[in-house]
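In the part that follows, the structures are each spelled out as structure tokens.
In what comes next, subunit A is part of two complexes: it sits with subunit B in the first one and with subunit C in the second one.
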Partner chain A sequence: MFCEKAIELIRELHRMSDGQLPAFNEDVLRQVLQEMEALYEQNQTDVNEAKAGRAELIPSIKLRHCCLLRNQRCLTAYLYDRLLRIRALRWEYGSVLPANVRFHMCAEEVQWISQYKKSLASFMRSLGGGEGLDITQDMKPPKSLYIEVRCLKDHGEFEIDDGTVILLKKNSQHFLPRWKCEQLIRQGVLEHVMS
Partner chain B sequence: MSDALSDAGSDVNQDDAQEDVMTPAELIAKLEEAWLNEKFSPELLENKSEVVECVMEQLSHMDANLQRVKKGDAKASIHRMEIDRIRFVLSSYLRSRLRKIEKFFPHVLEREKSRGEGDPSLLSPEEFAFAKEYYANTETYLKAVALKRMPPNLQTVDMLKAVPEPCLDSFVFLRVKDRQENILVEPETDDQREYVVDLEEGSQHLMRYRTIAPLVSSGAVQLI
Partner chain C sequence: MDTQSYLPVQPGVGMGENFLSLDDIVLSHERLPIRTECRFPRLGFLEKSSDSQDIPEGTKMELPLWLSKGLYEKKRRVLSVELPKVYREGWRTVFNADPNVVDLHKMGPYYYGLGSQMLHFDSPENPEIAQTLLQTFIGRFRRNMDSSQNAYNEDTSALVERLDCLEKALFTSGQSGLNSFQSWEKGQASQLTASSLVLNYRKRKITDLQP
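Our next item is the complex of A and B:
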């Protein structure tokens, strides 16, 4: 059956829960492209014969063409959905993506995300007449100024707004301004301790 | 307590009052209005870059004032909290716009292209640059990975058709700010007929976005 490989790609993404990125499936992608090439070549020969008078070939040409379109559509959907997932990871983890995510990306995807990061950065820099505002911060409405956080790993020294430097050591607990911690919490360095 | 309050408070208020066209309270109200509308409308609304700029200015003013307040002042932390809240609203507003630009990028750019001379632009210049880059980047990517390896007649994708359009028929909650008469509600199903409604000031409704889209942009209703 035609198009089965392409559907496989879509299913693979569908099975993954939101926000997870499976490894780039170059293998199946290539198989789909090969199938498309074969379909295209068959169509070329059949078109020539149909022009020579064999009108009974037209339905099969049409069928192959539909399969080609479907394959194209499935592939672009697969690729685009992956981009959206990678984009979501950028917003979640900040500008440096974790190694296991990068491991699952293909070279072109790495290029895409670095270009995306650049666009986003220059957008944020140009906000408000050149002052700039990091809109990847303040994701949740603020409830209180300071929050209790616990260090999950050694992070080294950390300076807060008024100039005080504190040492973020594993298992130490601190009372810090929320807007300074948000990123670290998302990176998994700090944990918000709910009392 | 009142001494401590007037200390930091007067500073902030004086600076705020210098804004002659709009008081800070009005400005924040404007921002919140734009934020809620943008958050709940299915399509991208007109940009409010002048509001964004003013708010950013106010924020840096307030920030600068707070630097001068001495440590441990009770008033300072209240102001700091207020800054945080405003910054959240502002970021959230810009985020939801950017989200829509990314989601509907071919349509957004198409509208920008077909817009007549003198019509206000939907996108701020920064957003326009971002949308263009996003479009080019995504197109290059698709070409490099798959399209250029496809048969010659399938090497392009019509982005306008491939990317879904915003669904203008989705329902939104709204509150009426200025009384409206004779709003034509189109039928939803074949066995219904169109009818007109009057929207009383202060009343709240659940309607299709398409019906009231012009009222949202004119500011006569507020999405909630």
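Our next item is the complex of A and C:
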């Protein structure tokens, strides 16, 4: 049956419904494109014959055409859903994506995410009367400016606003400005300790 | 509650399909029993049981929903679609008797979705199918909502395994509402937590990180 390869791509994303980004499956994608090419060529020859008077070919032409549309839909959905996932990564990880995630993107996707980062950054700069506002911060309304955090792993040195450098060592506990550590908490480096 | 920044494209509602929704694409791959009403020349290889070059008229075969939907025409008979057996009279009686005993995951898992899609094909039984779908949903909804709102910190796999995909989505959103309400009551709503996406990545990709 046609279009089996295309549904394979969709199933791959559908299985990881939590938003993880699987490796870009260029192999299967190319196979789908090849299948589409073959379908198109068969249809071309059949269309020419149908024009010459063989009207009984029309149902087959229509069937192949449906398959072409279906393949197109699957590929579009695959690429679009990947973009949604990549966009989510920008919000979860911050502006620098870890290497193992970047490794799973194709060249066009890397280009797209860098464009997205640029537009997001220039939007955030334009906010707040020219001062700029980081809208990826304070996803939950803050109760206090400083929070207690515990390190879950060695992260190295970390500089806060007043210039003090602190060492984020595993199991050490610190009292830090909230906006400085929100990103690190989201990345699982720090843990928010509630009293 | 976990604020998820990945929001997948939602499936279409009712008879509609959402072009980019992964759920709808997987749903439309379900196979339907059909009967061809005309000859399909040069496509004999799609039908494995015969060796001829064409698919002759009157062949019974299974085609995916998307293909049947694309080929189906009201005026010109290209193919006729038969009802899958869970939507036929016999099963409808079972659903009407007590919708709660049926294992919709085994029947479907897209019982409601596929059922609504079946309404695209002009069948004299359509009103009854639609009625049964609705009544089944209503009949099961109360129990579904009740369990999703009250099973806190419990193993829900026994509750979920017999649900249709649509019901499962409702169940999960009920659960996430319950969980965030509980964490608010405990005063943990303002606690910053690690993103679940990042955590899941770490679980799976631990081998990638090591040099």
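Here is the rule we use: the second predicted complex is superposed on the first by the 178 of 195 C-alpha atoms of A that agree within 3 Å, B and C clash if a C-alpha of one lies under 4 Å from a C-alpha of the other, contacts with A are read in each partner's own complex, and residues count from 1 in each chain.
One rule holds in what follows: a residue touches a chain if its C-beta (ideal position, glycine included) is under 8 Å from a C-beta of that chain, and two chains touch if they have at least 3 such contacts.
Given the structure is predicted, the values throughout are model-derived calculations rather than measurements.
When the shared chain is aligned, subunit C comes close enough to touch A:46, but subunit B does not. Applying the stated contact rule after C-alpha superposition, one finds that A:117 touches neither subunit B nor subunit C.
In the superposed model, A:56 lies in contact with subunit C only, and not with subunit B. After overlaying the two complexes on the shared chain, residue contacts for A:180 are found with neither subunit B nor subunit C. Once chain A of one complex is fitted onto chain A of the other, the partner contacts of A:66 are limited to subunit C, with no touch recorded for subunit B. By the touch criterion defined above, A:106 lies against subunit B but remains apart from subunit C after alignment on the C-alpha atoms of chain A. Of the two partner chains placed by the overlay, only subunit B lies in contact with A:137; subunit C stays clear of it. In the superposition on chain A, contact of A:155 is made with neither subunit B nor subunit C. Of the residues of subunit A, those at positions 69, 73, 76, 80, 87, 140-142 touch subunit B in one of the two structures and subunit C in the other.
Interface residues of subunit A, counted against subunit C in their complex, comprise 1, 3, 7, 10-11, 13-14, 17-20, 42, 46, 56-57, 59-60, 62-63, 65-67, 69-70, 73-74, 76-77, 80-81, 84-85, 87-89, 91-93, 100-101, 103, 139-143, 147, 182, 185-188, 191-192, 194.
Residues of subunit C that touch subunit A in their complex: 3-9, 19-23, 25-26, 29, 38-43, 46, 64, 66-67, 70-71, 78, 187-202, 204-205, 208-209.
Residues 52-53, 55-57, 60, 71, 77, 80-81, 84-85, 87-88, 90-92, 94-95, 98, 102, 126-127, 129-130, 133-134, 137-138, 140-142, 144-147, 149-151, 153-154, 157, 162 of subunit B are the ones that touch subunit A when the two sit in their complex. Looking at the complex, you find that subunit A touches subunit B at residues 29, 33, 36-37, 39-40, 68-69, 72-73, 75-76, 79-80, 83, 87, 106, 108-109, 111-112, 115-116, 118-120, 122-123, 126-129, 131, 133-135, 137-138, 140-142, 144-145, 162, 178-179.
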